[in-house]
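In the two complexes below, chain A is the common chain; its partner is chain B in one and chain C in the other.
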Partner chain A sequence: MRAIRAIAANTFREAIRDRILYLFVGFALALVVSTKLFGMLTVGDEAKIVKDIGLASIQFFSMLIAVMMSMLLVSREVDSRTVFIILAKPVRRWQFLVGKYLGLVAIVAANLVFITLVLAVMVLAYTGQWDPMLFFAAAMTLLEMLVLAAFAILFAVLTRPILGSLMTLAVFVVGHTSAELWLLTRQLPGTLTRGLVAVVYYLIPNLERFNFRTEVVHGLPIPPAAVGWAVVYAIAFAAVALVLAALRFRSKDLR
Partner chain B sequence: MRRGLATAAVVVALLGVAVGAELRLGRVQRADPLGRELLYLPSPEVLKVVSVGNPGLAADIFYMWSIQYYSLFEPHERFLYLEPVYNLITDLDPLYFDAYRIGALIMQIQTGGDQRQLQETVQRLFDKGLANLPTSWELAEAAAWDMYMRFRDRRQALRYAEVAAARAGAPARIKRMVGVWRDSEKVWTADDSIAYWRQAVEEAVDAYDRKMSLSKLYDAVAARDRETLDPVLGYLREDLGRCPASWDEVVRRGALVSVPLDYVGNPYGIDPERCELVPLKKISDQ
Partner chain C sequence: MSDIQLSVQGLCKTFHPGLFEADVEALKGLSFEVGRGEIFGFLGPNGAGKTTTIKAICEIIRPDAGTISVCGHPHTAPEAKRRLGFMSESPYVYRHLSGREYLRFCGELLGLPRTGMEERIAVVLDEVGMASRADRGLGTYSKGMQQRIGLAQALLGDPELLILDEPMSGLDPLGRRDVRDIILARAAAGATVFFSSHIIPDVEALCDRVAIVVDGTLRAIGAVNELLARDPVSYELTFTGADVGGLATPLEASHERSDATWVRVATPLRDALLAELGGRGALLLSLNPVRISLEDLLVEHSEEPTS
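Right, the complex of A and B next:
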């Protein structure tokens, strides 16, 4: 456990010094702050536009941070051979991966909190109301990133960084559209075909399960069960991806 | 230093060329028989997929675009596309109040063309909004006023006002509006009207509401009394060759057993020229 904590802390420190992180955070902040400009283009409820754009920016840039950083953090260690120094110590390979993952999640969470705080202040400035539900939406985005970062780590172990990034992006896109697969099962003829599509559906993380942005923006009620099961779903899917990554990393030739 | 300046000059010059080319391109007239700007209006299903979990944001973008695109208030065929545009926005975000309200307002800008068809289009957007926002009395009230003011369709206005009044949280003024419009449209009997206004008085939320409802109750009672008493006055005018001078005279001549009193117990007056009942309406809150 100490080894994982040390690697996670080190990963966090390493990531926070990375210029690419500041690039993404800078873009996200610029977009969140500029929501007022978008609000000026509308007639009616500016706060809706500010929240919609703000929350979408948070999701998009968190995804970019999770995808890019996870790829860089693993591949850098391998390319620069520092992974050998770490693994020469009493650290197991799976501990190395989990440490990297937790460090990455910590950096994504820190950025999420920071950008959401800026968004909440923007909303407060425009509407005069503090909206704590924005933090709830961000927390659910963090769950989504938990899953996505795990897949990014898996692809980082399986393949080269660029291909891995593309594959993680594909998981992000497909994950948000996988509900269509479920609809397809109702349309398809034959139990076998429907069963196959259903299997594919369950193998792909349905990232829409973590999307509560509409509820937050429109102030709709949120069923506690939807939140509770989303937490379980995220942890389970992330664990699956990490276990697969650890299995592959155990036998991977790092030379 | 000199090299840096030269590089900067080249960059500036190239930027100038790009900006100049863009300006020239903007002036080039190109054939646009199908209205390129609106030719590719994607389906909401596609946009939901493309927005990766942010259909609300996609709705915002189209909404803001529509505000800019339709803010030149001049009749143009592009207004024909308004319904698909706002259907798209409200399919992406069915809870988007502004899209229904402002969409309907923009649709109403058109003064030419088939106004009946236009009204139906506006109503479709409102009806969609009312179905998707079942707690919004504001949208129903907006629809009522649009029908009343813009299309002069009092029946439809009344229909939307009734929807607004039936929704939780609707202010008392909407309930009074329904009563007034039902009275003016004569869609109910005098007794229905009295019963409605009596209930409104009983359920008044504040002194002002009670005062206004009481006034309408008085009018409803007077309207019912007029229905029965005006024929009596008419009969006597035929008989006497002039209008009776007072209700006492009507009683003296045996047409009534007592002087008719208004809702608050005061005697009615008589308009000598038209020979009709005149409510004096001196209401004090009881």
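Right, the complex of A and C next:
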């Protein structure tokens, strides 16, 4: 457990000393701050538009941070061979991967908290009301990132960084559309397309399960069961992806 | 050999680079043992399988066949890893950490007790001569300094078995001397040191035993003196009273000095040359055997075709 904690802390430290992270955070902050502009240009409740676009920006940049930093930090460790020194010490390969994963989750969580805090302060400035539900939406985004970071680690172990990034981005896109595709194809008679969509639907996590943005923005009730299932769903998918990554990494020769 | 600290038996490893590239058979049933307290040199030309063997011992690659035990434990067991200190061929370090932070990280991985860890780090930093530069970022270190920090992390857990892959490469003469002193001090303290090197004088000066590996197979193993204790390969003679030009015996080399003539002759031709010099009335001043060096032995094995 100490080794996992040390690897996670080192991963976190490496990320926060990397300029790339600040580039992402800077863009995310710029977009969140500029939501006021979108609010002014759009017809409707300005505060709701600020919240909606702000939360969408947070989700998008959290995804970019999760995917890019996962690829960067795992492949850098293997390519620069710093992993040799770790594996020659009493550290199991799965512990290395779990340590990297937890470090990445900590980075994503820290950024989520920071950017959401900026959004909440902006909403407070516009409406005079503190909206704690923004943090609930951010927590759900963190669940989504738990899944995406695990897939990013799996692809980092399976393939090269660029391809791995593209594959994780594909999981993000498909994960947000597979449920709709599934509903659409269920209306069709039994075809090959329907079978293929079914395979995708069950293999790729349905990331819309973590999307509570509409409920938060419009103040709609949130069913506790949906939240509970989202937690279980995230943990299950992240665990499966990490186990597959660990199984592949266990037999991988590092050169 | 009693009290084996490192045992490698029947190690085989083939790499499969890709669909359209031929497999590379890096290790072909390599076996050897290293006893407690030994300084063991691992020699071979580039591509012989030295680093592959070291990577297999440190569980960086998985052998296809064979067994490895470290300090009496299977090499994959945490008990083995705790007793092992490893330094890789190139100093692979984190550029975002300072030397001290890097050693703290390694201490955590080793599971060293937190109380006393800072003191232990200070001791190894001092041992490798990096105490004054420990708080600088590793990214600002020269290669030699990174090599020293790499050695410091290998020493941190006070290992029973120290495995060093080319520890002298990239070091200036002062650094090489320091590393040699550290190796000798560790061995004197009871540790076993296993290292690969291209720098033959260091191997000759330090090692109790050496192994020569070529093309993934063990070609020779033993004490340096035993391996080199063969008949002389040639003789060097100095004499006066005869010209080199007039000698019928083929010579390997010759040089006319102002006071005498120096020649080198292959061992089988020594007696013929002595007889010829005697017949010409030359005065023999010296006759010295030339024995094979470790470098010669390495070259000889490297050029030998694989059986």
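Here, the second predicted complex is superposed on the first by the 238 of 255 C-alpha atoms of A that agree within 3 Å, B and C clash if a C-alpha of one lies under 4 Å from a C-alpha of the other, contacts with A are read in each partner's own complex, and residues count from 1 in each chain.
Assume a contact is a pair of C-beta atoms (placed from the backbone, for glycine too) under 8 Å apart; a residue touches a chain by one contact, two chains touch by 3 or more.
On a predicted model such as this, the values are computed, not experimentally measured, just so you know.
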item	value
Three-chain arrangement built on chain A, chain B and chain C clash or fit	fit
First (chain B), second (chain C), both or neither touched by A:45	first
Touching partner for A:172 - first (chain B), second (chain C), both, neither	first
Partner chain(s) touched by A:13 [first = chain B, second = chain C, both, neither]	second
Contacts of A:90 with chain B and chain C, given as first, second, both or neither	second
Chain B versus chain C as contact partner of A:217, first or second or both or neither	first
Chain B versus chain C as contact partner of A:156, first or second or both or neither	neither
Minimum C-alpha separation between chain B and chain C after superposing on chain A, in Å	29
Contact set on chain B toward chain A in their complex	49, 52-57, 59-60, 63-64, 67-68, 93, 95-98, 101-102
Sites on chain C touched by chain A in the complex	15, 55, 58-62, 78, 81-82, 84, 86, 88, 90, 92-94, 96-97, 101, 105-106, 108-111, 150, 153, 157, 163
For the chain A and chain C complex, residues of the former touching the latter	2-3, 5-7, 10, 13-14, 17-18, 80-82, 84-91, 251, 253-255
In the complex, chain A residues that touch chain B	38, 41-45, 48-49, 52-53, 55-56, 59, 172-173, 176-177, 180, 207-208, 211, 213-214, 217-218, 220
